[in-house]
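In the two assemblies presented below, subunit A is common to both, partnered first by subunit B and then by subunit C.
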Partner chain A sequence: MSTPVTAIPTTEPVVVNNRATVKQRLTSFMPLIALVTLLAALTIADPGFLTQRSLTAVVQTSAPLVVLAAGATLVVLCGGIDLSIAALCSLSTVIFALWLPDLGGLTTLAVIGAAGAIGTVQGIAHVLLRIPSFIVTLGGLSIFSAIALVISDAGPIRIVEREATNWLTLYVGGIVPMSFFVAMIVVAAIALVLKLTPLHSWVSATGYSESAARLAGTPVDLVKVGAFTVSGACAGLAAVMLVSRNFSGSPTMADNLLLPAVAAIVVGGTAITGGHGSIWRSLVGALVITLLRVGLPIVGVPSAYEQILYGAIIVAAVALTLDRSKVLIIK
Partner chain B sequence: MSTASPAEDVEVAAARRPQPRRGVSFRDAGPPIALIVIFAVFSALSPDFRTLGNVQNILDTAAVLAVVTCGITFVLMMGSIDLSAPGIMGASAIAVALLVANNRNDNALGLVGVLIAVLLAAALGCLSGLALVLLKVPSFMTTLGISAIGLGLATLMFAGVQPNITDTMLESWAVDRLLGFSYLTWIAAACVLLGWLIQRYSRLGRYAFAIGGAEEVLSLSGVKVAPYKIAVFTLAGAFYGLAGVMVTSQLSAGLVQAGKGFDFAAITAAVVGGTLLTGGRGGILHSAVGVLLITVLTNGLVQVGVSPYWQGGVQGLIVVAAVAAAVIPQRRRNQVTK
Partner chain C sequence: MTTDQQIEAEANAPGPVHALEVRGLVKHYPGVKALDGVDLVVHPHEVLGIAGENGAGKSTLLKALVGLVRPDAGEIRVRGEKVRLRSVVDAANHGIGMVFQEQSLVPNLTAAENIVLGSEGQGVRRGIYRWETMRKLAQEQLDKIGSTIDPLARTDTLSFADRQMVEIAKVLRIEERSQHPPVIILDEPTSVLEPKEIETLFTQIRRLREFASVVFVSHRLDEVLEVCDRISVLRGGRSAGEVLAADATPSELHRMMIGSTGSDNHYHDSAAKRPNLPREPMLTVRGLSGKTFRDVDLEVHAGEIVGIVGVHGSGREDLCRALFGAEPTTAGEVTLDGKKLDLSGTRAACAAGVGYVPAERKSEGMVGPMSVADNMTLTKQKSRCTGPLVAPRKQATLVDSWIERLSIRTPHRGTAIQRLSGGNQQKVVLARWLVAGDVRLLLLDHPSRGLDIGARSEVYRLMRELAGSGVATVLLADSLEEAIGMSDRIVVMSDGRMTTEVACPSGGKPTPLDLVKEMV
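And now, the complex of A and B:
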């Protein structure tokens, strides 16, 4: 990225870079390789799997997960973690169901905005109070669950009026489900904004070395608050997708999406230590996780193994992608 | 050479705590004072709260959380974090329900069954310690993974049919009373005592403190840190296992969800009691006060008419506030927070 100014060291980094890229290429394509292998394995196990209908179903199922993981990836890239996404998503489904009768078509935007604002609050708490991000978001997790339970009276809220979410159940070009299309747009938009603005270097500088980034004049605090805001807004959008599928809002609807989302991020190859990774990787990671989820019953494995698999995958993927040069002491 | 003396300092500090006077004494005295104040406030607000029956109730409710917190305190003292309580508790709760007399199979192992469940839990805890030390994965990730694995194991053992226990011994733990308190409360008290003894008099407890205070210094002075880390996670797992057994005893049935929310409640209790998340401060007795604080607060809020659904939210606010308060003195120095 940055070429050394002096003449002598230029040769050295080039050599190092070349060596690194061979290894990097393999590791960076691992998620894609895993995705293709999984697809192939599932097709062998059940030849009917590789049809348009079942693939459409898979990507439709994956849409909320993709959006959740994409938002949280930004926080992870900054070196933090957002454990509140699933709870915030559940809360957003409840808010959506409650606001729909009054706001009608505007509800979607309002919910995304509200979730984004909640994310901002978490970011500000993290930055101003200097509380580690996993504590802030763990606290957020219980607070959001509590609020969702209280305002929904601990039960699902049915949605009678389905026009506001109907557009998400359509198909683009008759093939691609709208929800997945929207998820792709979100991923592409975030990736594009990162690429075209200095944001990408700001985010990865914050993740790689926060104190160096601060000294270099990066608005570290703003970047972090921004990351939490996007993460919150994505949780809101994922909530709208869930509502469009389930026709109800419920205080625990998305709670079981936390582990898959974290797994998607780390399986994609984004380092939990921050800096290294990208949004696209999380998209691939989310697809891998969805395929696993859908595929286990096809291969004949009881779904109880799903949890065990998530746990093992998270630990293994983090172990593979961790940037060990940075943390001398692992707590 | 110069590294040896700070290491000694750390250990001396753990043993006698003669550190900076004012700050420490306030930190130690704060939580008990808060406990008394909160108790007084709720006693004034609600006539139901200030009955002897309710005090028994509070202590009986606190029992399971106290045992979980005993385990998590050792992990927090090292500066690590443990989110594995729900999974480990779920696994041990189902395991014990299947091992003692129950409606699913012919096992009737009694106390041996309890022991096996606790050992299973200790093995799971050991696994997260191993992943931390060998794979160098941060503890919040390993324990999140282990929690999922524990829940998966529990679901496998659950197999769609709820195991109801018929073992009289285990059932009596939650029902029978000794000097006005249920057996579970006495078990929790014994755990706190055991935890305190380990923390105070065993090398494991002393090193756990030292690891949290200054791990580099400790390893530079020749202590092999890794085995102690694994041992601490194993010990924590065993405590979670016992807590899972206690939940099964309370419900007379094994549930996968036995440990839901206990990880966060225990972290809250430990932090409120004065254990720093950065490690090296606090201890079992601090955490015990924290557990009572949380339980009194929860009980009191319900007594004055606040919806029990707020319970988790209140804990969330408390933990964020407590951590923020603990960080304020070091705000200027601590520029990097992940």
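And now, the complex of A and C:
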């Protein structure tokens, strides 16, 4: 560094209020608190709930949701949203079922790759054509659903060879379901890459303020396309998990996962406006959502009311996490 | 100054009640005292001009007058009665209305709808528009200013000047609300008008005086002197005096705006420290054209600060952004240090050693919720990495050294940058380009905007030292004085073209009026 720069301090006031308030700290731990509270409540409602068997069932059920939410979180962190994940996941289950007879053991990787490529295309459409991600992925949702219906002849495709997906039904150490283990690896991998490389700065800057990021020379477009690619690939992986559980591919298999995935992200405390949040939060969010799903019937709530609860939870979670002080107009 | 004393005496004398009176108005923003005890009196049926440099507190004062900003201290009296203005509607009910700098009309509504918008009164019955009544209401307002605009014309089909008339007509609706002669505030109304339209506007303002008080704000002193009766000058958030327009000259007004203090080498200018410029320029621009600028030629040498001045619409901001790859260009070639500069995007520019400090610090210059450290290393990621991985210790050492070098006052490098004061934020934004030590061209778009005098002085010192170390600098200054004070050479832009170049050496500086002549 050769630039001989010094400056003389002035009397300019440092305007700082650096202490995070109790409320802020509490808000940031809210998802974990919610998870523990929910677990406690369910145990009280049904003392038999806190057993290894039911907990194993819960995390196994949550695996596809965790993966979907983890991928989509990246897009949300960049300030966008991916509404196509569930439809893309459904489409991927169909593709998996169709490709399996030809590709055999390679099908899993091929499906993840294909779904990732579809995500890339959406990302490029968003970036190059300057269409809001909301619209691009809403279109994607519709298109992928339709394609899935067409290529599957509008019905489930049964899978005969189960070798290709059998590994996902195994248990790690005899306790942890393989699918959940894989989901954890995905979450940890994304989180680690973000933490250890400049990507975290890039993603946050893009999400908080795209124009500032661009003017700082951040590869905004590349980061966004990358986020959509990962989101797509995660939808592909979630599809493999669903297939391993249901032994079939179906054009509507994952459709009911969109709302829970978005709910998982916001319940985790990732700001839907971008920038603030993390993948780990979405993991906690997905567990909360799954616990609700599994637990409500235990408490005796009819399944029809589940959707009402999701809706209410999303609105409430955004109400808790959104920093309204800086937003003048809410659209 | 006798005129001052006369006015002061008049203001304190018991007698006719003032249309509007402001006493000791104070407003603090983080790090800046925007208003520091402003006094102001508006008489009935007069046009009062408010003059002041950027950052003198004009816009904050106007916002306080229409309820957009709540003052920390001081009082506002309307016709002798103390008021607390909470919103624009509140201000309108007291008879104060403002024609905004950025027009506030809804483009796809008719002129009539815009005029009565928010105060429909008889124009709406049981929730339903009564078009005939609305047209009449609107026509009444347009008649007041003698305008011939068709009230049923869609607003976006009107010319800019006509839209401004609609806006004035809209503001005049407050006359009915408060049942008193209104106070109409015009914030930079001439900045986008043609000379002929300005004449029409001035005729209107003189008409308005018949039944209202007008507060007129403009950057152009000649306009202020032409249309106003009396002029109140603001400087650094304080009232710096008043003059009657008939008695004042532009230079006198100007002297009041700048003040005699603070200019003692405020810009850290000294010829002795100036290195000899190399013969080959660092930056060479040949025939560069873009959306708002055409055929620009420019040369900047290492160690040189070149100011670009021009009025609104001169294209200098876009030129600056284009050199950073943030604005498309249609023709021309740019070389930096002998190599062709890729203008396709900001990343290429950053890699080539170009740095850019945007005018809008809060929305474009920094990422508010991110830490000081992450903001500082946002561009030069390599400076904090070992291989592809971020090295937290390396980053901490680097950032701390720059915090110390630039005296950035922050409790910690991990503090969110939005918690710092404006001057410290700006130092972090500047440091972003310095951490890697490879910046060769700095494009500074209003680097001192919104900073108080102390912070400005530090930014100026930093600019001098960077120039001294061989960085070529392009400066879009906040004011002509700043451009003259900081630049070695000034280039004048008008309508997207470079018109003149004025040498600006230490000890041989031109006056602002010399430059103004070239700008229009």
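By our rule, the second predicted complex is superposed on the first by the 307 of 331 C-alpha atoms of A that agree within 3 Å, B and C clash if a C-alpha of one lies under 4 Å from a C-alpha of the other, contacts with A are read in each partner's own complex, and residues count from 1 in each chain.
Keep in mind that, in the parts below, a contact is a pair of C-beta atoms (placed from the backbone, for glycine too) under 8 Å apart; a residue touches a chain by one contact, two chains touch by 3 or more.
Everything numeric in this text was worked out from a predicted model, so none of it was measured.
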{"item": "Contacts of A:H276 with subunit B and subunit C, given as first, second, both or neither", "value": "second"}
{"item": "First, second, both or neither for A:A110, with subunit B first and subunit C second", "value": "neither"}
{"item": "Partner chain in contact with A:A191 - subunit B first, subunit C second, else both or neither", "value": "neither"}
{"item": "Larger contact residue set on subunit A - subunit B or subunit C", "value": "B"}
{"item": "Which of subunit B and subunit C A:G139 touches, first, second, both or neither", "value": "first"}
{"item": "Which of subunit B and subunit C A:Q307 touches, first, second, both or neither", "value": "first"}
{"item": "Subunit B versus subunit C as contact partner of A:V150, first or second or both or neither", "value": "first"}
{"item": "Contacts of A:S211 with subunit B and subunit C, given as first, second, both or neither", "value": "both"}
{"item": "Residues on subunit A lying within both footprints (that of subunit B and that of subunit C)", "value": "211, 214"}
{"item": "Contacting residues of subunit A [partner subunit C, same complex]", "value": "1-18, 195-198, 200-201, 204-205, 208-209, 211-219, 275-276"}
{"item": "Parts of subunit A lying in touch with subunit B, wherever the complex brings them together", "value": "79-81, 125-127, 129-136, 138-143, 145-147, 149-150, 154, 210-211, 214, 259, 262, 266, 272, 274, 302, 304-315, 318-319, 322, 324, 327-331"}
{"item": "Contact set on subunit B toward subunit A in their complex", "value": "78-81, 87, 131-132, 135-142, 144-153, 155-156, 158, 215-216, 261, 264, 267, 277, 279, 307, 309-317, 319-320, 323-324, 327, 331, 334-338"}
{"item": "Parts of subunit C lying in touch with subunit A, wherever the complex brings them together", "value": "30-31, 324, 326, 346-347, 349-351, 356, 358, 363-370, 374, 377-379, 381, 384-385, 388-390, 405-407, 409-412, 415, 419-421, 423-424, 427, 432, 434, 437, 452, 454-455, 457-458, 461-462, 465-466, 468-469, 471"}
